[in-house]
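Quick one: the structure is below, and I'll ask about it shortly.
Order as written gives the chain letters A, B, C, D, E and F; numbering starts at 1 within each chain.
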Amino acid sequence: MAKVVCFGEIMLRLAPPGYLRFEQANAFEVVYGGGEANVCVSAANYGLDAAFVTKVPDNPIGQAAVNEMRRYGVDTTHMARGGERLGIYFCEKGASQRPSKVVYDRKYSSISTARKEDFDWDKIFKGAQWFHFTGITPALSDSAAEAVLESCKKAKEHGLTVSCDLNFRKNLWTSEKAGKVMAAYMPYVDVAIANEEDAEKVFGIKAQNTDVTGGSLSHEGYKDVAKQLKDRFGFKTVAITLRGSISASDNNWAAMLYQDDQYHFSRSYPIHIVDRVGGGDSFAGGLIYAMLSDYSAKDSLEFAVAASCLKHSIEGDHNHVTVGEVKTLMAGDGSGRVQR
Amino acid sequence: MAKVVCFGEIMLRLAPPGYLRFEQANAFEVVYGGGEANVCVSAANYGLDAAFVTKVPDNPIGQAAVNEMRRYGVDTTHMARGGERLGIYFCEKGASQRPSKVVYDRKYSSISTARKEDFDWDKIFKGAQWFHFTGITPALSDSAAEAVLESCKKAKEHGLTVSCDLNFRKNLWTSEKAGKVMAAYMPYVDVAIANEEDAEKVFGIKAQNTDVTGGSLSHEGYKDVAKQLKDRFGFKTVAITLRGSISASDNNWAAMLYQDDQYHFSRSYPIHIVDRVGGGDSFAGGLIYAMLSDYSAKDSLEFAVAASCLKHSIEGDHNHVTVGEVKTLMAGDGSGRVQR
Amino acid sequence: MAKVVCFGEIMLRLAPPGYLRFEQANAFEVVYGGGEANVCVSAANYGLDAAFVTKVPDNPIGQAAVNEMRRYGVDTTHMARGGERLGIYFCEKGASQRPSKVVYDRKYSSISTARKEDFDWDKIFKGAQWFHFTGITPALSDSAAEAVLESCKKAKEHGLTVSCDLNFRKNLWTSEKAGKVMAAYMPYVDVAIANEEDAEKVFGIKAQNTDVTGGSLSHEGYKDVAKQLKDRFGFKTVAITLRGSISASDNNWAAMLYQDDQYHFSRSYPIHIVDRVGGGDSFAGGLIYAMLSDYSAKDSLEFAVAASCLKHSIEGDHNHVTVGEVKTLMAGDGSGRVQR
Amino acid sequence: MAKVVCFGEIMLRLAPPGYLRFEQANAFEVVYGGGEANVCVSAANYGLDAAFVTKVPDNPIGQAAVNEMRRYGVDTTHMARGGERLGIYFCEKGASQRPSKVVYDRKYSSISTARKEDFDWDKIFKGAQWFHFTGITPALSDSAAEAVLESCKKAKEHGLTVSCDLNFRKNLWTSEKAGKVMAAYMPYVDVAIANEEDAEKVFGIKAQNTDVTGGSLSHEGYKDVAKQLKDRFGFKTVAITLRGSISASDNNWAAMLYQDDQYHFSRSYPIHIVDRVGGGDSFAGGLIYAMLSDYSAKDSLEFAVAASCLKHSIEGDHNHVTVGEVKTLMAGDGSGRVQR
Amino acid sequence: MAKVVCFGEIMLRLAPPGYLRFEQANAFEVVYGGGEANVCVSAANYGLDAAFVTKVPDNPIGQAAVNEMRRYGVDTTHMARGGERLGIYFCEKGASQRPSKVVYDRKYSSISTARKEDFDWDKIFKGAQWFHFTGITPALSDSAAEAVLESCKKAKEHGLTVSCDLNFRKNLWTSEKAGKVMAAYMPYVDVAIANEEDAEKVFGIKAQNTDVTGGSLSHEGYKDVAKQLKDRFGFKTVAITLRGSISASDNNWAAMLYQDDQYHFSRSYPIHIVDRVGGGDSFAGGLIYAMLSDYSAKDSLEFAVAASCLKHSIEGDHNHVTVGEVKTLMAGDGSGRVQR
Amino acid sequence: MAKVVCFGEIMLRLAPPGYLRFEQANAFEVVYGGGEANVCVSAANYGLDAAFVTKVPDNPIGQAAVNEMRRYGVDTTHMARGGERLGIYFCEKGASQRPSKVVYDRKYSSISTARKEDFDWDKIFKGAQWFHFTGITPALSDSAAEAVLESCKKAKEHGLTVSCDLNFRKNLWTSEKAGKVMAAYMPYVDVAIANEEDAEKVFGIKAQNTDVTGGSLSHEGYKDVAKQLKDRFGFKTVAITLRGSISASDNNWAAMLYQDDQYHFSRSYPIHIVDRVGGGDSFAGGLIYAMLSDYSAKDSLEFAVAASCLKHSIEGDHNHVTVGEVKTLMAGDGSGRVQR
């Protein structure tokens, strides 16, 4: 059983029930999630030995976050305790033409105060094969950014495959700062993951001589972006998720993968959305599993896309699906017939 | 901040959770709403100074209705107290081919016993620019109908713009009676609002020489109806909402507006429905806001349609959206991408 | 008021709220249902005098199942009490590409220990016109299979019309055993009901010389299956439901009926699914009502299909619709306009 | 199995969850109950053949009330349909020093418009041994009062034992009117049931020469009241419930029974209250069962008190307990040890 | 209608349902409250013209807090908008020997960043009679402490009566700092309110020569404390609440008031607790109402104690009771008999 | 961190919300617990390295049970997978004089089909200090009883301290069989735990020459029972929990411990009950922790009693308390004052 380590944030997510708006709610549903935590739960679901590294406050809310990760099989023994608070995000589910709305209250969180001394990477990486981080953690604070750099260096020292989801968050930092900080990590990264906007927002990489217009996603354009990313940073693999937003209720979902000078485009799934938060994270989780399981590039892509397609039908941040369920969809059965 | 006054009914709405039928429910979700109350909440949401005038019983259920209006920023200081009961309506949400079902229990309500003496219109209209009422209130009782007539006269005396949503309710009165009573109010009305059936049901106005068939809405037919309404009653503006019911889950939604001898047809929105009650009311609310904000006729129409499109994605009777959210949709972004 | 007797299982259904997966749920919604129980509730809803025959444990959970049947007007006085437990099934609602999932825990249930001596069929069938059973009950145990045989014989003695829904359950028995046991019942059966797979799974009856491919349902193929069924067993009527699964959220729903050497194909309904469990049962319930009401073959089919179309919009196993609601849809109004 | 007929009202009860006040609630829990309906459910629970006679509106809310009665085994085939609405009562649960609060919205209910012609008493009373009514129904309207008188006469013609719970409701009528109307029924009544205040409120019967002070209940005083009731109206049995209200959370509960010139006082139970609505009704239900089962006067009293003691621990209007559970408490086991 | 102004914090309160611990909850119930906000809602409930002054973030969570205050009739037009976040507190309800637990996450809240320039006190205090603040707000930050000082000065300039609840919070500051900061406000304070510990924690004032032991509250000791407070700061009135904690489920509740050299001790209420948060605030709210209504000192005390006794039976931070309800309890009726 | 191994059953617990009876519930709250699982969660909560050994079915319901244990920090890697079903128990909460009611549906569970070969005890016990089992597991089946014997032998081989909670379940076996089977385990047991009835039910050990009457617990009698147990089986420690059931809402709770020829009696706690299931298990969990932490006999007893006192205030089977919380209560603070 391969071991995967994810480093980043876990937040308390507070969401009004159903389609209520914030002002209408007299209760919030509670989930504990975050970009890297979600990837880690995916990995654990698939049977990998998944460890999550973060910093949570030493209070019952921090403990509840730990418990949620444990519940889904994640190793939480390397989490640091301390700081003042668990980051929070409020999440209102959209429908039809009304978009989902996220209000962040993550400033001053424990993870944002994490320092590289908080983590014993030699111990954490012992026996591990893969390390995953995202562009969110370094955006939280300079000390967190330093801790990420340290983790990347150590991961390489230990010979791990390193994946990074660019995950640009405009509320946390500017494109300028993001580009500078992220560039320092890229030499350690083997697998770069991005959505259809991240490459431009973080590194200013746009498709050359290609007209990338809104609704319709241009294959040629994304090929070009992937190639530029690889050429600039020397990634082994570049994966880009392609979301076509028809409405808050309906999306199209696909991805492309560039590896060994080959461009692969996945099937595209028309999705009726239950909860789209964590969609990209579930793609990363699926990709890591598939690559660690020595799937071909094409199959790794299709596994990751099918896995993340299913995530959109699942409540909460995490993707609770089995390898078997993903494979069934990969094999073409999206008919939704009852499984008895 | 312009001041709007709405006069009419507020009811206790009792709805089974989710898609349960009445007989399956062991709880009812509680909302306090009604045609005119819904318009008033819309106006308050957009930042107008909105006052609601009605009569509620002097008991905790009546008080809860007052509280709900206050919660959303409505001025409730002009509500009369008295009578025996708050009107109730039971509302079961439909899905797919099963229609939503409304069971009214509004007879003998406090507002139906309202008399014109219950309201001090001079005080109420002080500083106001707009008055809104609908065809529901006069249908409740003769004394309520008299109170409406009084309100119209007073509104004109105070120089207010008066809007009326025809809102024919077949359970409350006959077309004959409606036509007679409503005709007396029309001289005071500047802006007439109707859905695709009201003009015929209330005033017997059908499209001339036009084949208005079920599913497909005929532009020419509605132009003709609007023109007839204006010609007969001298309205400044006529607005007609155009609902295309595909199923209880999916509708198309658009509207037309006739003003200054110009016919405007709005964009049409394909809607996946969360709650369609109050859809028409949210159109009226949006129209009032836009007209008071000196939008052009076309923009007023588009604002009202976008606002009411969004209403269909929101639980309850009221439309909880901001001006910014409506404008975003008006500007064409209905993709439902998460707003962070 | 004609009397209908249904014989079979009622189970405790436990379902996570909304779209939660089993592992996420901290509560299960409770429904008491089962293939034959669902048919019986349908019959009672339409105003028939419906009696349900089963065996439930003599404990509060068994009593709760009895209560649920009584609540919807079913005569429960012929239920046997005893055995160890009520069968349970866990039911997780699917969405989009994620299928619904059913986990059965029905082994050792009271009904599986039922013996033919547990039921006084002469008393039960007194005054009855129709008897309904399915292929589920005999699959539970040999003694239950014997009890079913006894019930069929007695029903014929009493001159009842007998309907059987083949309802193959691969978890309960093999096709081989099913074919053998079910064949013994067929001589007593007047109306055979099946879904698009049952005939093959139970009796190995496939369309001759017809290419029945996945998504698209072949009219010719089903005609052939119906004819083979009738030719082999001498049924008066054969009805086959035709489900087109687009996804767990959207299905197409139709059926065909073969009687008097005529093949009838129903309208096809595009369905946005609320709860599809019991869809086939509601078809059987509608068919029984329509045939007992002397509808024509075509009208019986359309009534049954419209009834079961509506079931898909209703939570739980049972179909809570009135004759009037079904007729409205049959007459073509599936627009979902609010009924006030 | 003896047959009991109860005649009266069933209402929709709407209650905020837990201890929320009306103004705080965004949902109401739904129960269908009423004085006589509650007695009828008790009788059915104990295995009696219990029929409930009332009038409900011909709409889904009325049907839901019917369903709730059926669910608990009550024969609803004699209910009349018609009128405008089901009576409603809003019920807020008190705690500690804050009393429970009931807001009635029962005016204009279907049962209040019932006329004696609505019921075929000869058919209803066929095979019955006992008839129960209360002082609530005649208070609803003059026509309902007439219907009650008719029911009493017919019950006597059919040789039934007749019980009446005086149940004075000050919101429905005055003591003067109550005294006059109720007096006309008393000649038909065998068993009179009252709480500690009813005799005075309805018939002006107070304890003679006895100082009945608030908190402490005077045995001598209640003996005197019971004797006066019997002497004036010739009852066979008089039962008076004795509630000692310590707070909304804690009560003492006991009763006395006067029969054959003997006064019996029951055990007194210190009760921690879950829901006290229907406490008196469950006493009547227990008394009817015990007397029909030929319990001694003392045992009948103790059964009724133990039954109604248990009711206070059960949510809703109805008393869901078995004969065995009541007997266990009667036998002295109120220790609450877990029953496995 | 007298006008009261309260200045302080409003927070988002997140509480697990029922008696669940934080780690068990998958939803949090939502209330918006805080020491001064709770007093303000009390004042509005009693019919006073109550305005709340605070600073909330300009996001939907801040708006929801505003809405909750509006719902209960509070004037929110003077609230400042800005800052980063709404303070949060997590609140777990205790029972029996397990205490309630509060986890604060209020640091960096908008109100803690409030500066005196944020509020136009001349406008706010126009027409007001009373100003209330507590020891919590100045503990949040130095700038908030300055704003409080400014508010006190302005209140005096406008001739208002000023009340202060000492409300020491050990998580926010030390006794040393509290004593120093609070002392500066005291010259402006007319009515000082404290619980049984505050005087010692803030000002080091302990009973002289009195043995104040845990469970039993010493009358002489509290007299002495009140006198010392008055002597040191020159208050017109000193009120001290006296809570006897038997367990998390049961408390005794009383208070004393010192004015015009008279000591008044209230009735003591044995309370079965529903929610004790806001108990002290509801005392202050009641006291302000009673004093503004010119009740005698003794009656003011009894009104405040009865009001706050009732608060313990109500969910949430706020006290939702009417003047009539408080007076009924004051008059001695705590029997909890149902009010119909 | 000492390692504890618990071996036994984990079941799905289904409980109606609040105080609803089974027949009233339309949802069941879900908890996964069982005698030994509950002890294991306690151990994990206190920071011990706790491993749970059981057998669960290889389906999502079994997985959910695993997840619940993981959530609270239990090592689940030694659980066997297989068998047909997870045992279920239905649990209805009592109140006042109405007892809680448990309906078991645990027959044919996976654990009941466990065989000694299913577990690799050498691996499981590696590094462990303590082994705990109860009298429930051997009562499930002969093969489970054999597995328990094997576990005892292996535990002794590995030098572990072995504790056994007698936990007699009359629904599972007779006293005769229990006595015989359990006697075979006793030679391996160091610490015997029982409630006030188990010794008699399992081993026929009653107090000699002592009048053990119901309500009042006799110290002398329990001393005698403890001594007999020790004398017969040679236990190092005997602990007996002493529950005084006043009602389903209120209990007194205490325990005694016999060790080194010393009898220790704990404080007695008057408990207002939230959920008493798992009370005895939490005592065992506390005792194990305290003894492993080298507390004195008296302190071990007091820790265990305080821990289990707190359990009664917590929903579900498990005891979610920290060592600090238990120590606070042990030190005498049961006042329930809010912890901020």
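Here, a residue touches a chain if its C-beta (ideal position, glycine included) is under 8 Å from a C-beta of that chain, and two chains touch if they have at least 3 such contacts.
Per UniProt, the chains are A, B, C, D, E, F = PfkB domain protein.
Just so it is clear, the structure is predicted and the values come from calculations on it, not from any experiment.
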Rotation in the CA alignment of subunit B with subunit F, degrees, nearest 5: 180
Self-contact between copies subunit D and subunit E, residue sets same or different by half: different
Separation of subunit C from subunit E, taking each centre as the mean of its C-alpha atoms, in whole Å: 62
Rounded Å distance, subunit E centre to subunit F centre (Cα mean): 44
Touching two or more other chains - residues of subunit B: 21, 23, 26, 67, 72, 101
Subunit E-facing residues of subunit D, complex: 18-21, 23-24, 94-102, 104, 169-171, 245-251, 276-277
Subunit F residues touching subunit A - in the complex, by the definition given at the top: 67-68, 70-73
Of all residues in subunit F, those that touch subunit E in their complex: 72, 269, 271-275, 309-310, 312-316, 320-321, 325, 329, 334-340
Of all residues in subunit A, those that touch subunit E in their complex: 14, 17, 21-23, 25-31, 59-61, 63-64, 67, 84-86, 88, 90, 92, 101, 103, 105, 107-108
